[in-house]
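Everything below concerns the one structure shown next.
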């Protein structure tokens, strides 16, 4: 833990001038003919939790996957506009996706640990990046599991298969796996929607903890959750950003009628 | 009841139709039995094979000691004066072909599987898979001529000492024939690894290669290995390619440039000359057939065991 | 001939020698042209295999590249099969090496024996003649079920065991391919396979004590190519002769065997031989 | 202490990307290898055989003269073989699949049948030849007839058809049969009117692929002794016959070099038939793929 | 339509004495060891809409499938207790399931038309019950499609494949298919959960219409829907009926605390 904090203190100094990690300018995205994201403009702040809410199919996941270019796995995708990560356009030809995704981690809706031991799950990232030293790996694994608040639960069974864990534990393993490569930003796509209430609570607490060190973007269909954990919230509707502001303001006094309708449950 | 439509109520019609439902009831009880009979035929086939092989093999062992058959190192059934029936050279020939074939089929097949499952676009996959299926559907006799008429002369350019009938050329072509099988079964296993697994790895900055080798392949390992084992079984049982291209020299050797004989090639050799019913030679084919059957049977069981026992739970 | 009359119907089953097959195939083909409704099948089971089916009563004619053996005769008698032996043509067992082989021109019977027998103690060509290269000899031979093997076994090997590393193959073309592709190989098979593949093979003259002789139409027919020239036979089931189609076929066969044999690169018999056999068949039929 | 050194990581990133590219190329080559072999094989056969391919070749019986040789008897023989194989193998195969997927309880016995079928699928074809020789040719005294050959081939491809049909039946969504049962349909009515029609494209595809295997099989026919020279069309199921692979096998054994080209022409015909069957199968599969 | 109404008037006379179609007594059901339905006692009224609500996994679908014995398709199922349909125990040995299911129709969660033409979909039921006359079938098809309020939308494309229709249309085709054999009771398992709001509305209206002629049992996870369309509502929890009463009462003034917790969204 200490090291993470140390590192991040350092980072803070460097980037204090601008506290924006992502700047999204006029982003458009099509799945074939289907215009899924329309003129998105949005800045994501450092060391904050940014929530994205909106009805099903409005483009939340698409937006998240565009940030780390995972969306390119769908062959028919076309994009226009710009996403700049710390000043560099992620769509630049010589910006390798692997590099981008190393600094921008992602946690998915359904826990998706690899069918390996807990240890190997966490060590996966460091290993592919060339870290082979056993001692270093041990340290990273412990640090990451602690960071994901699951160390105590699994420290005695590091070499058992991750599939033996409960869903909530698996999700925290996935978060730990993500922490292991010391990302700068963490994207989370409905990370608690497959979890029971108690596990949800744990993950929510973890997110609040993590924002000390990481910038977090979280998609959620649960407005209470957005309200509980996020600093800013964006409301998406049919591929557009309807409103993006401080979470407290968005939920108490939204500017847009559609936002109001949505948060009061009139549709969605 | 309405006057406009002169129909009675459907419910009444159904009710009245129920009376002649007797035949329906009979069909209903006959059909399962009929289909069970069909299913039993496959069991009967297995028993037929076992019965045939065991029965004639026993006759063979009345004339030739089973000990000689299993432990003998000489296979020379054609000798009039002192035939010897040690199956070892045939097994050795079979295994030699199998090893060569696997050295070709496993790397190439697996690489193709990885390419198709992890690298290729949908379009490429849709074009290439049917072509590979065509490759798998070519009759083995065609491959046999290909081995003899093309691969052997080609290899002879590099290996002047190569016998015209040799294990190497036959083994390579058996391998080529099996590539599509390894590729498509492995590809199936790899494609069934959930995408979430790939996304997880890609999201950590993995390259495609790392995803394939460190996540997908381990997750699909049992299916992939099962495909290898099935391929081995197929290579062991392959007949026409080896009958045409590997020669008929039953010697135990690991020199791949030499002519050897496999179990299947021996069977074709004997029946190509239609031996007389009832001779020792005739029964020897069944003994060899039995051995061949046991080899492939064990392989098939192993493949099933592997894919069942180690079925991945993602 | 009297093979005409294309309204004849029937079925004729022929099996046996692969050496005789080309002749019989030619006969069947020509016969079919005149009698399209007689269904004739010609199998290639080798002389021995053919006799086994013949004795089982499976076939009407059995081709052979050697005379029927005593034990086969006895079995036929036991099974109540009456047959008649017919000669169709001459063959000269041809001993060949690859075209690349530039040193083996002729061999004596004794040398052949040493090369082919286990007890001959020969492994390289040098062991045969000192001036030949010290390269391992590769031996190709027709399968043991063939009449060709039997004949070889009788006149060259004198019933002793052939070397075990010999490649036995029922398919003569595989022998051609095998020998042609290997400079140090040697093998033997029917005359026609040599003639058809003369561009790939070198013929070896055989010295049986009267100078080295190569097989040609003349040396075979005259018997000069000894001991490796031999007549080719077919055996006809006498009971089958009662069948109009079989009878008709046999007559047709004997009338045309001379021409057709030459057509497929064998050597014809003297015409009297054919006439004499036709006579015998006609008598049997009546 | 920071474990991940950004510089090193970027350094390493370059190598990783190069390695990735290299292997991608390698894997692609491996994939292309099979296709290249196919191309060579087809090119060779075409260049050897095309000269002998003509209408006469399709119409003629075999002959001792290469230029007069034709494949008609073998072609008809192979098709007649299918006349036996198609009804026997498809009826038995689909019946077995229906039993296993629709009627059988999940118990040891069903498991046994299933395992047994998978094993049969792996039994070498030459062993089926021995089975056919012993049971059909000798024991049932069918001789080397079409019927004996056809039954042998049917058993050979039966497991393939069973497995393909099972998959096809299994892929019919359960919700369809539920809907049918929900309307008071009996089991057989549901199978006949709902399950089978929906599964039929898959069944046909699998069956065609299995049949194309039967057309190309040589070894079992050699074992049961299909005739070499049979210059006629079989008239009944008890007639002797020749089939394309056997005819090709026979031609290659001929002394005259020209017959190698005749054999190549025969292979072209065989491959065209197989290609046609394959295309039909692929067409059906693509046309009817997943509509639910 | 006329015939249906005519017929039902007739029926009404016969059954006016008792207006209960199903009487469920002490029904228990196990999936293997798993006790999925516990001591269910419940009467279903004629010509009423009975809604069944409860959290996921509480046994709603199981109960519905037990009524028409579809649950028996799962081999490990064991039941005890009694369900009597118009006075006859459906578990009776000589009560053929086919007969039961002919009078008790079912509509499923996901629209599941057969991969046939619209016409053949509707005619399927009558045909399997031996009705072959073309004219009769034509009449039944029209009548059923009208009954399911979809006649006008499809009357010109009766011979096109049903898969060409939208989800909502498909669901009404499924309802029409069910009407074609003139059932007495219709069971619906979350019939609108796969539909968009407008289609949902149409189906809801249809249900309200259908109850004039049919007794309807509907499972829904949407409490608003239950409130809108049903006469009585049963609240299931872990395989038990917690409360079964008039819909208006259950939603305004439930007797049981757990019902209250559920309908106010405290869990589920």
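In this document, chain identifiers A, B, C, D and E correspond to the written order of the chains, with residue numbering beginning at 1 in each.
The rule we apply is simple: a residue touches a chain if its C-beta (ideal position, glycine included) is under 8 Å from a C-beta of that chain, and two chains touch if they have at least 3 such contacts.
In UniProt terms, the chains line up like this: A, E = Phosphate ABC transporter ATP-binding protein; B = Phosphate transport system permease protein; D = Phosphate transport system permease protein PstA.
Since we're looking at a predicted model, the values are computed, not measured.
Out of curiosity, which chains are bumping into both chain A and chain D?
B
On Cα atoms, by how many degrees is chain A rotated relative to chain E, nearest 5?
The best-fit rotation has an angle of 175 degrees.
Highest contact-pair count belongs to which two chains?
Most contacting pair of chains: B-D.
Between chain B and chain E, what is the gap in Å from one C-alpha centre to the other?
Taking the average C-alpha coordinate of chain B and of chain E, the gap between them is 50 Å.
Which whole number of Å gives the spacing of the CA centres of chain A and chain C?
Distance between chain centres, rounded to whole Å: 84 Å.
Provide the C-alpha centroid distance between chain B and chain D, rounded to the nearest whole angstrom.
The computed centroid separation for chain B versus chain D comes out at 13 Å.
Could you please state the distance in Å, as a whole number, between where the Cα atoms of chain A are centred and where those of chain B are centred?
The computed centroid separation for chain A versus chain B comes out at 47 Å.
What are the residue numbers in chain C that touch two or more other chains?
Each of 43, 45, 171, 174 in chain C touches at least two other chains.
Where in chain B do residues touch two or more of the other chains?
207, 210, 272, 274, 277
Where does chain A touch two or more other chains at once, residue-wise?
Within chain A, residues 98-99, 102, 128-129, 181 contact more than one other chain.
Of all possible chain pairs, which ones touch?
Applying the touch rule to all chain pairs gives A-B, A-D, B-C, B-D, B-E, C-D, D-E.
Quick one: in the complex, what on chain D touches chain E?
105-106, 173, 175-176, 178-186, 189, 193-194, 197-198, 291-292
Once bound in the complex, which stretches of chain C touch chain D?
Interface residues on the chain C side: 13, 21-22, 25-26, 28-29, 32, 39-45, 58, 171-174, 176, 192-193, 195-197, 263-265.
For chain A, which residues are in contact with chain D within the complex?
Residues of chain A touching chain D: 3, 6-7, 96, 98-99, 102, 126, 128-131, 136, 139-140, 143, 181-182.
Help me check something: in the complex, which residues belonging to chain D touch chain C?
Within the complex, chain D touches chain C at residues 61-64, 143, 225, 227-232, 235, 239-240, 250, 252-257.
Show me the residue ranges of chain A that touch chain B in the complex, using the header's touch definition.
Of all residues in chain A, those touching chain B are 68, 70, 73, 75, 98-103, 105-106, 108, 110, 112-116, 124-125, 127-129, 163, 174, 177-178, 181.
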